[in-house]
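Letters A, B, C and D mark the chains as written, and numbering starts fresh at 1 in each.
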Amino acid sequence: MKFLPKLERRLCRLKKKMSRSPLMRKLDLIHESARKKAFQDSCDAYKTQIEMEYVVRNQPTKPSRSNKEVFLSDGSFHQAVGRVLLIAEFFAMMPVKGVTGKHPSKLSFSWRNIRTCFCVAFIASSLVNFSLSLFKVLNNPISFNSIKPLIFRSSVLLVLLVSLNLARHWPQLMMYWHSVEQDLPQYKSQAGRVKMGHTISMVMLVGMMLSLAEHILSMVSAINYASYCNRTADPIQNYFIRTNDEIFFVTSYSTPLAIWGKFQNVYATFIWNYMDMFVMIVSIGLASKFRQLNDDLRNFKGMNMAPSYWSERRIQYRNICILCERMDNAISLITMVSFSNNLYFICVQLLRSLNTMPSVAHAVYFYFSLIFLIGRTLAVSLYSASVHDESRLTLRYLRCVPKESWCPEVKRFTEEVISDEVALTGLKFFHLTRKLVLSVAGTIVTYELVLIQFHEDNDLWDCDQSYYS
Amino acid sequence: MKFLPKLERRLCRLKKKMSRSPLMRKLDLIHESARKKAFQDSCDAYKTQIEMEYVVRNQPTKPSRSNKEVFLSDGSFHQAVGRVLLIAEFFAMMPVKGVTGKHPSKLSFSWRNIRTCFCVAFIASSLVNFSLSLFKVLNNPISFNSIKPLIFRSSVLLVLLVSLNLARHWPQLMMYWHSVEQDLPQYKSQAGRVKMGHTISMVMLVGMMLSLAEHILSMVSAINYASYCNRTADPIQNYFIRTNDEIFFVTSYSTPLAIWGKFQNVYATFIWNYMDMFVMIVSIGLASKFRQLNDDLRNFKGMNMAPSYWSERRIQYRNICILCERMDNAISLITMVSFSNNLYFICVQLLRSLNTMPSVAHAVYFYFSLIFLIGRTLAVSLYSASVHDESRLTLRYLRCVPKESWCPEVKRFTEEVISDEVALTGLKFFHLTRKLVLSVAGTIVTYELVLIQFHEDNDLWDCDQSYYS
Amino acid sequence: MKFLPKLERRLCRLKKKMSRSPLMRKLDLIHESARKKAFQDSCDAYKTQIEMEYVVRNQPTKPSRSNKEVFLSDGSFHQAVGRVLLIAEFFAMMPVKGVTGKHPSKLSFSWRNIRTCFCVAFIASSLVNFSLSLFKVLNNPISFNSIKPLIFRSSVLLVLLVSLNLARHWPQLMMYWHSVEQDLPQYKSQAGRVKMGHTISMVMLVGMMLSLAEHILSMVSAINYASYCNRTADPIQNYFIRTNDEIFFVTSYSTPLAIWGKFQNVYATFIWNYMDMFVMIVSIGLASKFRQLNDDLRNFKGMNMAPSYWSERRIQYRNICILCERMDNAISLITMVSFSNNLYFICVQLLRSLNTMPSVAHAVYFYFSLIFLIGRTLAVSLYSASVHDESRLTLRYLRCVPKESWCPEVKRFTEEVISDEVALTGLKFFHLTRKLVLSVAGTIVTYELVLIQFHEDNDLWDCDQSYYS
Amino acid sequence: MKFLPKLERRLCRLKKKMSRSPLMRKLDLIHESARKKAFQDSCDAYKTQIEMEYVVRNQPTKPSRSNKEVFLSDGSFHQAVGRVLLIAEFFAMMPVKGVTGKHPSKLSFSWRNIRTCFCVAFIASSLVNFSLSLFKVLNNPISFNSIKPLIFRSSVLLVLLVSLNLARHWPQLMMYWHSVEQDLPQYKSQAGRVKMGHTISMVMLVGMMLSLAEHILSMVSAINYASYCNRTADPIQNYFIRTNDEIFFVTSYSTPLAIWGKFQNVYATFIWNYMDMFVMIVSIGLASKFRQLNDDLRNFKGMNMAPSYWSERRIQYRNICILCERMDNAISLITMVSFSNNLYFICVQLLRSLNTMPSVAHAVYFYFSLIFLIGRTLAVSLYSASVHDESRLTLRYLRCVPKESWCPEVKRFTEEVISDEVALTGLKFFHLTRKLVLSVAGTIVTYELVLIQFHEDNDLWDCDQSYYS
């Protein structure tokens, strides 16, 4: 009975605020109120809504607990990432069972599962392919350029091994993630709940599409190239000989081997793209958890909340930090491989951009692939930096805590946010923040300027050499 | 009645202090008082003036509220920046209505306004010009040097688009700025109030004058050059063909096109200079707001102020921080473009300085333009770094808070000042601080040393090439 | 009598927790408990075990004080490092008496001790060797490459001198170390106690084995080389002339001199390897002390401990920090020499890798030595960075202190951990952290890219030059 | 009467501690006491001596206030720096009157003073000399190498102007310094008081001697060079023509001009060396003030001091910080010139070291001057970094404050020490810390590696060119 009048009063005030807004500009001219308004703008209305707000908000969530099962279907990282992992499984990565299940407890890993067997078989196949590449490279003069296929294949192999290991711990990680999510303040609208899943899907879709486009362009230019050099009469054979030169450097041409090489190529290209996308997706997940917390803090910005509210938020923040650290431990090797790969490939491709492109097909493929590479690198950097950015944003709301409700818990929360550096890392050697982007860009420019000195215009029509990764 | 004797006593004390100062040096010899004096020097007179000071100061401001309207005419950023925006509008930027109005509430943006139409038309015109440049560059061999006009025109175009977008949000930004300003401790003297406006005007004036001087020199050297190469009999035609080579690369000569090209050139040059000046002006505005707060803190340095005083100052500081962040969000793309442009142009111009200058007109223009460029870059860097410097200065006064009035609010204020990094940024990739200047200088030296290796002395009298941006 | 029921209850709870774990995954489905669990996961069970736990744990350690002598035999750094120093003494370093004694009080240094005399004699001998090298280098054209033996010998000499000085302070350092160790929370299991000693032994063993393997390979390739160039008929003589070219550059061949040179070479190689290993071993020792403290904090993670508990831990943490600083003061010159040496040698060897290897023996030796060098550098960097990492880890447990037991002592502890940068340093010029590894790697790549420009393929079969350090 | 027994007891305890120390090592074997001892080692004896110590120490200082005049003669920076400034005045810098006076109040600056006139005259003379150099450089091809005399003379000129300006503010600065010094805890022994003055004298003496030695060597090698090239019959004339080539590039030889040139040269060389030494001396002064405070804190380390003690120390610390900032504002331009000069000259000289030295005189001069340059740069860097190091050291003693006397004042003191970066700066662009040394070294190596590419062996016997600064 006590709450009704208070609620009424609050609604009244809100309505007044609403109606005031179109008039606001004019009212500002009245100087007597200007001072008060500024105060309210930055930390608005921190007087009467104190504990009531919090209580009122907590009440409606309790009855909704019965139909929680339904709501859950959208907000969790496990469900958002389900289809992404399904695609990965199709490409011999992350052999976890139950990725599309409703609840992370359905996840399991087993060495005898068909996924795992496929994955292990593919790793063995990749190892053979890698050895062939290694053999070819060692039998030719070594340069900054010629080791490109080697680096490409070795990083794919490394990512495969890491993802196999990650698959083993995935069920536990998802269970922990689930428990953290359960504890967080719930989304208020369906839109908020769907957002993360939507972003993840879009990133995956765009990434896959561009990667496919690049691969098709690469095929077109390779066919173009093969038909020019034509060693044999068969154009298909020419194409396969060129793209799998590391195989036919050892043995003579045979169709099954050619198909195996092509299969190997397609898969390797996918995995090479996937590792960047995986880092992005995990980053989106982590950042959205921080955002979920921040959204709640924004709702109560500048209000007089009880210490228990802050204590709860602090523990939730702590939990996301721990989640961040656990995820980072699990994927930081992938992050490291992804970043060093991108750094190396951008350097190589920028150097190659000095070559004169002999055909339009080449030029289109080359510039598309270069822009895709740079764009992907930027996307990984910025998405992964967003985890750090979101984690710092919490500070903004803590700064607006009014004097009256400044308690030891808020102080402790503030100090923790200030002193912790929450971010994904590359094997803990570097933190993924926005400042990193600039230093990576600077490094690329410096290396490029030095490398240009060693550049000699490579004849792309030299049929004895190949420039396909 | 109660205040009069207190005021009298205070005036007495002040007078005593004044009269003591010429004798101060001699009195210091008296060793017994030396210790006490040192104490007073650093945190002087923190015993009796405690609350009275604050009360006394607050009293006189209240009656002056009636003639506030008159005083206001000088202290606000909106009025200080009015003429600057007017000039910008003349050059097709920032199409906001009411920039010279007395109050920011008069500001408005409309797509159907004549200013906006002019601005949009000019953007379209610039786009055509940019396409012509792009066409010319792509039809010539590409080098670090030859893309200069492209970078010049693309950054101008980018700044035009950003400023159009900024214009839409300008009224809100100014309203927020106004509300923050209203809340700040008022200036005590007319001089303090006028200062910011004066600095902004001077920066604008000096910048415009130098920019004009540079453009005239550029014309002189271009006429010199054109008359040497004379393709046609008409010297004016020669001049226009040279300076608008991207137009007459495509079509044959026609006077309207030549005039359009010249108009385009003059406007682009202005906008290119204006973006640096705009960053400077916003920085001056933000820094002066911090200074206004700091001035108040200095007045009460070392005194025993009530917690409410500190709480008020803390909220004011917070408001300026939020203002800083909002302004940064609005202009950080301009800042980024400005900094990367300056970095690139300094590198290019320093490299060109190795060329032998064929005529005195060239040499004068070249060195004037190089020094202007470096000076402008330094000015942007230092003015924008001053926001950060001023925001840190607050700490100095907080350190002198006497033991007796050290309360949780002062503590919180101190911690916020320590842990916040308040500064303009370049898309959040870098913070504009004094340390940045050094690292930019280091980067320029390093790049320059590497670039010198690729330098070949360009024949400036080669009539087939042009070196005008 | 009072403790028995409490102990029983605690065991009961532990058993329940154990039995629950296999069922855990299924139980998570019960949504009502999910929220609670997450809370417990991060800061588990911080309600009832408050002070009891601590009391119970402190009790059993008291009676075991009688047979402390026996337990002590494993946990202390002094004993773990005993054999390492014994080996060093055999190689004329660290002439301290009593390194294998049970207690650090048995340690002593005396100028008249046989070890010290041997050490001083060897330093004199090395000085002669160094002078001969210097003489040879100055009589040949100087290059980045030719000063390698000089840098090798001068750093060995420097390390010898530093270790002699260190030997004088070793007894005091070990006494201080002992007192810090005594005060730390004791290990719970024998495994924990043995671990540090075991790691140190393994590092020493692996390091020595690899160093020996490298030296044998170096000999094989030198013999190969000498037999090709054979100046004289005697192959042994040829070998000695080659490896001690700095001696026989001055005098003619004589067997005693050749043996002295060989002896000098073997010892110098050992000492050169030993300095890296010494830094590693001290790092392992210091990191294990932090780990010992962290293990105790983990045991009581999330529980309500008394302020006295935190006060005690803080003082222990402080003591290890002071220990760290004292050790760093004692060995930071060795660290500096070790790091700059590794940086220089990696640069030189990477450059040499561009040479074509004339024989298989050369190639095997060269690549083995290069990989060993890089691996050793990485190992030193990572082991020494672990001191810093472990010291930061304490923060993790402090973050989980429940609200109820958050007291000024915990706050002070937290602030100290945050603001102190505990790490070994290179003469205080740089701190050994994981970030350093990346910047060292970046430096190597940059220098290498620039140095490649000066590279000319050296003829390794040029009998007038030698490439042995 | 009350103090005597307490004092007696305290002496007793001290005696016991003394007598225990030789036995200490043996006693440590007694395990029961080990734990206690460790505790005492780090924060020794923090139980009974609480306030008494402080009171006792404060008592004896009071009666000594009568003969303070005598004690003052040694501890102050003003007196320590007196002779240094006297030398400077002889070399036309820092024209302040009363530098050797007993008290800073005797200091004064006047434009009509003979010192100031001399100084202004010399600046005019230097300006003429600089113009001549500029004229010569502009009439020859410009290179990294040829602008050396220009940079040399322009920085000398700049330092002269800055020092003239500094002289105007010197009396005030010294008065402030004096007041800070008066307030600091007094030295206990005469040795402590004399130390700073002694260090300053030694730095000045060694610096002057080495600078003189370098100048004489430079003369010897120049005479050598001039006699080889002999343009005229007169060897003295030859020498003057060579060393003052910027003068005789314009006019024909005349003895008065030659002497003026020589005088100019000697003075410029002194001033060039003096600016480094001045930075060192100010650093020594500031660091010694921090040390004075730290010495007092060390005496009471781990004891239970009253809050008033900490409050007093905090204010003293704050005063030294303010002093530091004021001194930095006054000299930071000199610091900047000194650092950039050293950086440039080391780069130039290292490049020249690749030249073959034609005579022994040249080689001796060259290597002496190079080593002197590097040594001086290191000395400036390390001495100026010591200000920062000493200011951080305070933290060490604050960490050992026992739990019982941990009060808000200690907390505030600690936080101020942590968050302030007290150091001399180069125009606020960089802070002079130990980390700077490493980055400067890294910069030199990088620039050097790049510059080597442009190096061509200059013929030092080319009589048309000169290599004297």
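Observations, loosely collected:
Throughout what follows, contacts are C-beta pairs under 8 Å (C-beta built on N, C-alpha and C of every residue); 3 or more make two chains touch, one makes a residue touch a chain.
Here the structure is a predicted model, which is why all the values come from computation and not from measurement.
Considering every other chain in turn, none proves to be in contact with both subunit B and subunit D. Think of subunit A turning onto subunit D: fitted on CA atoms, that turn is 180 degrees, to the nearest 5. Farthest from subunit A in terms of Cα centroid separation is D.
Taking each chain's centre as the mean of its C-alpha atoms, subunit B lies 52 Å from subunit C.
Subunit A and subunit C have Cα centroids separated by 37 Å.
Residues of subunit C in contact with two or more other chains: 415, 446, 450, 453.
Taken chain by chain, the contacts form a single closed ring in which each chain touches exactly two others. Shown are all chain pairs that touch, namely A-B, A-C, B-D, C-D. Of all the residues in subunit B, the ones that touch subunit D in their complex are 25-26, 28-29, 31-32, 34-35, 37-39, 41-43, 389, 395, 399-400, 403, 406, 411, 414-415, 418, 434-435, 437-438, 442, 445-446, 449-450, 452-453. Residues 65, 68-69, 103, 105, 171, 175-176, 178-180, 182-183, 311, 315, 318-319, 321-322, 408-409, 412, 415-416, 419, 428-430, 443, 446-447, 450-451, 453-454 of subunit A touch subunit C in their complex.
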